[in-house]
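One chain, chain A, links the two complexes that follow: it is found with chain B in the first and with chain C in the second.
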Partner chain A sequence: MSQITRRDLIKLFGAGAAASTGLLGASKQAYAKSSAHIVIVGGGIGGAAFAKYMRLANADVKITMIEPNPQYTFCPGSNEILSGHETLENLTVNYNTLKSRFNIDVVQDIATEINYEGHQISTIRSGQISYDKLVVSPGPDFDYQFVDGYDAELAEGDFPHAWKAGPQTLKLKQQIDSMRQGGTMVISAPSNPYRCPPAPYERASFIANMLKQSNPTAKLLILDSKTSYVFQNHFEHYWKQHHNFGQENARIEWVSAKKGGTVIKLDAAEKIVTTVGGEKIKADVINIIPEEKAGRFAIANGLALGKNWVPYEPKTFASKVHPDVYVIGDTVDAPMPKTGYVASNQAKVVAAAINDLLAGKEPGTPFITNNCVAMAGEDYGMTITATFRYTGETKGKGFLTQVRTSKISENPSVNRIRAEVAKNWQRTFRKDMFS
Partner chain B sequence: MKQTVIATLLATAFAVAAPSAIAAEGGKKKLTQEQIDKVVQSQPMPTGKMLADNCSACHGTLGAEFNEAMPPLAGMKKENFIKLMKAFRANAFPTIVMHDVAYVFTDTEIEAMADYFAAQKAEEWTRPDFKGEGK
Partner chain C sequence: MIKMKKIVLFGALSLGVAYSMSALASEHGHAAKAEPWTLAKWDQTAANLPGGNAAKGEALHKNNFCMACHGAEGVAPSRNAPSLAGNTVEYTYKTLKDYQSTLRNEGNGKSAVMITAAQTLSDQDIADLAAYYASQVIPAKPTPMTVDPAIELLVRKGDFNRMITPCASCHGAHGEGKDITPALAGQTPEYFVRTMHAYKNGHRTNDINEGMSQFTHDLTDAEIEALAEYYASLSKQ
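Coming up: the complex of A and B.
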């Protein structure tokens, strides 16, 4: 990737300024349907949902997806791998259905550079690919600079973050499984925003449930860079019942950022983490979940306008850099949690908007929900329902949010049914992208 | 000159991206129904498809996933859909999560979704050869 020059920047911001004046000349974009070529960067949840829903909306457009991997492993459900309730194989899908049923051209390659003016994207092996519309869905990138001594190499080695389901998940499981009796595990939870807000606590919960059986005197310490988190009442309710949470002999302990929980340093050789309060904690297993920012591809191509996350036009998720380049998923600076659920619904908004624009119509009003689930154990689920309504405001991020979370229940059947709803959601959700 | 242009454009770009004041995260700042209605009425209603495609993560693509926990919506009779959604909205029908989903929708939005699902084929979406069923 070449450096972006000052001239390029002017070009980018110039185009961005033009884009922010509104979707001018929608009718000019009414290509003959058959000639429109839509290219997607990234075959994760956002990219796959977009490809499928674009095809459902329009049988004629040509759709190409650029994705480096031959298969995709879902993150939802991957915490359960750590406790042995799920396998990587079950969470892994391939692109065969997208290719055969939806006629998506899946190019196994790495996209590098966007030529905004020329409507072309460079790839490592397949050369230049021309597009009429480009949808960028690269997922987040990890930002290691906040923990001194931690980096991508250590994450691939003895300190897996396992925040993208795959080999690191298995490595972390193996470390937990082979921990000495009465050992200590540390989970460092990042500050907001990051992928799947309840997942560090869900992870801690599944691990603690397993340790209760296999290593009952072990301790799990969550060192948090936040002062509170989603579903906190649910997790604490469950941990009090199962892990003596809040007592001297608790299996799980949570240290808020307010109490100095933020981890700032890792001594990999000695397996010691240092918190912002100066406390040094030696642990047998250390799981640092790094801070995040927009995907490298988005940042390298100037889409983030120098920020950590990508600004966007709320009605269509068009980028601020060029109106024919759209950005969806965790990489976007939307006032929405970074979940696969949200990414898939943003993808549907963009598919509908592009279909309208190709037909010479003004895009309709977007509507996005995040009706999501988490689990504290196989017998305890919880739900959150969030609705994001488009406000039409030019200031701010363009959406009004309404949120409800499930109420604490002392009825074990209710908690169990919620867990079944969560598991059912995982299955159906995978099919909604890839079947 | 060039620097001035960059500075101005940066300022514009960042002003547009400033965080919104309209948010009710986790009930920290509750919106009044009046505030919500005002936003809903300020925009054309989302299409039935736009609304209904939000259901697919649980009920399947086009509402056509026939599984044990969440019922399929594809091919559902319009009156039944409307009656159920309104009962969920009023919290008048026992449910695990649907009361917390349905409360945001207006009557006309519920009708638009009902029309959309009534028009879908009641036929399992996922083909038998699909890999990724999970446990």
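Coming up: the complex of A and C.
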């Protein structure tokens, strides 16, 4: 990618010209001067889904995505890397299809500041980019302050949270693989809300399954900052069958926040965690999944209005700060779980709403779904379907929520097929955004 | 892979698919591609098919996830899956056996759910499901469509110049199917199109002697689309 050429172009003609010139040969279309310019901050699931579906809805608008990384690694499926059933490579995609097939101008850069009144966004290398509509999808940020002694530096070092798939995932795998026989691993699960609610337990389950083979006397302790979690009945059912859950010799143990499970302190040198109940636990591998809040970019630009998550208009996901700035994904304070599936659905709602507004029409009524899957092992899957129907009423934060979760089945075929459905979900979900 | 030349013709996307076919096989612990059928081997299998119980098949259909994609009565509710209602006992039986052995494996994870589902079934289960689907009927379409004469010719006479045999000679004059040749009447058109392309580019090879890859070899995309619409509009007679 030729940043210099781009910069020069922007200097000469302004950001719009650079956006539609298509430096990678992607955009050959000459947009009319009146074409709206839609800019996206963040090329994760929400941003990519928005870009693609905005293009499907409207062939004429200019779409620019600002994303610092040349590729994206999916978090869904990354727990399976820990057990060796998945690879980082298979979960990593690039932006080539968005560029070439959907005519999105992907600018590899870091967005910094929104000039709300001027309808411009600042970037580090590409200067100011003008927009008619701005969609902000930065994902969540980690909030380390709740565990004394834990920070971003330790997460990059010997205490990976691995809550964003990448090098930390591989580091954690290596730590688990090289744990001494009969060692102890601790997973600290955060309080709600956080990205992918069942994932700490899915992670624990995959690790326990692997330890059963490679390190059968090892223990896995989940210290939780919550009192319950999604799919709890499924995980406990599976752990009872495979890991003596609830018994003296259990391979996997769960300590609820009610029993003092919340981790409040890490002694990195001694590898000891302290819980709110005052218990000190020395472990061989410590995986603290930090608390979360809205993405740094959203908070820095005042979109969160001083809160932890970004408030928004439920009908269009327009921000409370400016009607031409929309916010989607995990960073939003929506009455929905923070999942990629929900982010992709919110993206589609915003694409439709912006398309309606550009045509001078009233946006439609959002109906958002969350179709999610989790696995306890390669032979046991579970599914949840939740729907969020826009009501506009204060009750339920603007949405009517209905949820259906798969029931416990004693039919091994069903459990195995559910696991395969879960893997299929990952494959098709990735394709929905990046193919 | 098989028919590399054709795959290359289909460009980078198909290549990716072809490479990941072997990845799928190892990923899910399946053996490499299963032994293809011979006519003699199938005849022997067909002669010894377990008797199917449609009521038991219906229970399996409802309890083993089949209906989630193929519809409450075997009539697909979306473009993602084929309808199974009204198909022949032999076709359903062979198809599930082919998934079980991974002979039917369209690559890139596309068949993974069906392979897993089939591998949880016994031969008797498969016979029961086959009996159930054979007993179901796809509801008739309200208005029959007018057929392009060129497509009707292809169906009834084939195309001698391109060595395409008439579809009706195996699939029946009304797309009702016969023995291991599937019924096409009322079939989900998007599934039909995908299937024809899978035959054409060598991703689906489980038919005996791979006849369908020959018949689809010279069909144009427009013809495949038109055939899909034609068969979707038919009702089994």
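Quick note on the criterion: the second predicted complex is superposed on the first by the 398 of 435 C-alpha atoms of A that agree within 3 Å, B and C clash if a C-alpha of one lies under 4 Å from a C-alpha of the other, contacts with A are read in each partner's own complex, and residues count from 1 in each chain.
Criterion: a residue touches a chain if its C-beta (ideal position, glycine included) is under 8 Å from a C-beta of that chain, and two chains touch if they have at least 3 such contacts.
Quantities reported herein were computed from a predicted structural model and do not represent experimental measurements.
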Do chain B and chain C fit side by side on chain A in the superposed arrangement, or is it a clash?
clash
So which one touches more of the residues on chain A, chain B or chain C?
B
Would you check which partner chain A:Val414 touches, where first means chain B only, second means chain C only, and both and neither mean what they say?
both
Should A:Asn345 be classified as contacting the first partner (chain B), the second (chain C), both, or neither?
first
Regarding the shared-chain residue A:Lys395, is it in contact with chain B (first), chain C (second), both, or neither?
first
For A:Asn424, using the defined touch cut-off, is the partner it touches chain B, chain C, both, or neither? Pick first, second, both or neither.
both
Using the touch definition from the top, say if A:Asn103 reaches chain B (first), chain C (second), both or neither.
neither
Quick one: classify A:Leu305 as touching chain B (first), chain C (second), both or neither.
first
For the superposed three-chain model, which listed region of chain C (1-9, 73-81, 145-153 or 163-171) is the one that clashes with chain B?
73-81
For chain A, what residues appear in both contact lists, the one with chain B and the one with chain C?
414, 417-418, 420-421, 423-424, 427
List of chain A residues in touch with chain C within their complex:
411-414, 416-421, 423-424, 427
Listed in rising order, chain C residues that touch chain A in their complex are 63-65, 108-109, 112-113, 116-117, 120-121
Within the complex, chain B is touched by chain A residues 6, 9-10, 13-14, 16-17, 20, 52-53, 56, 74, 77, 85-87, 90-94, 96-97, 101, 230, 305-307, 311, 320, 333, 335, 341, 344-345, 348-349, 352, 364-369, 371, 383, 385, 387, 389-406, 414, 417-418, 420-421, 423-432, 434-435
Name, in rising order, each residue of chain B that touches chain A in their complex.
2, 5-6, 9-10, 12-27, 31, 35-36, 39-40, 42-47, 49-51, 53-54, 56-62, 65, 67-70, 96-97, 100-101, 103-104, 125-127, 130-135
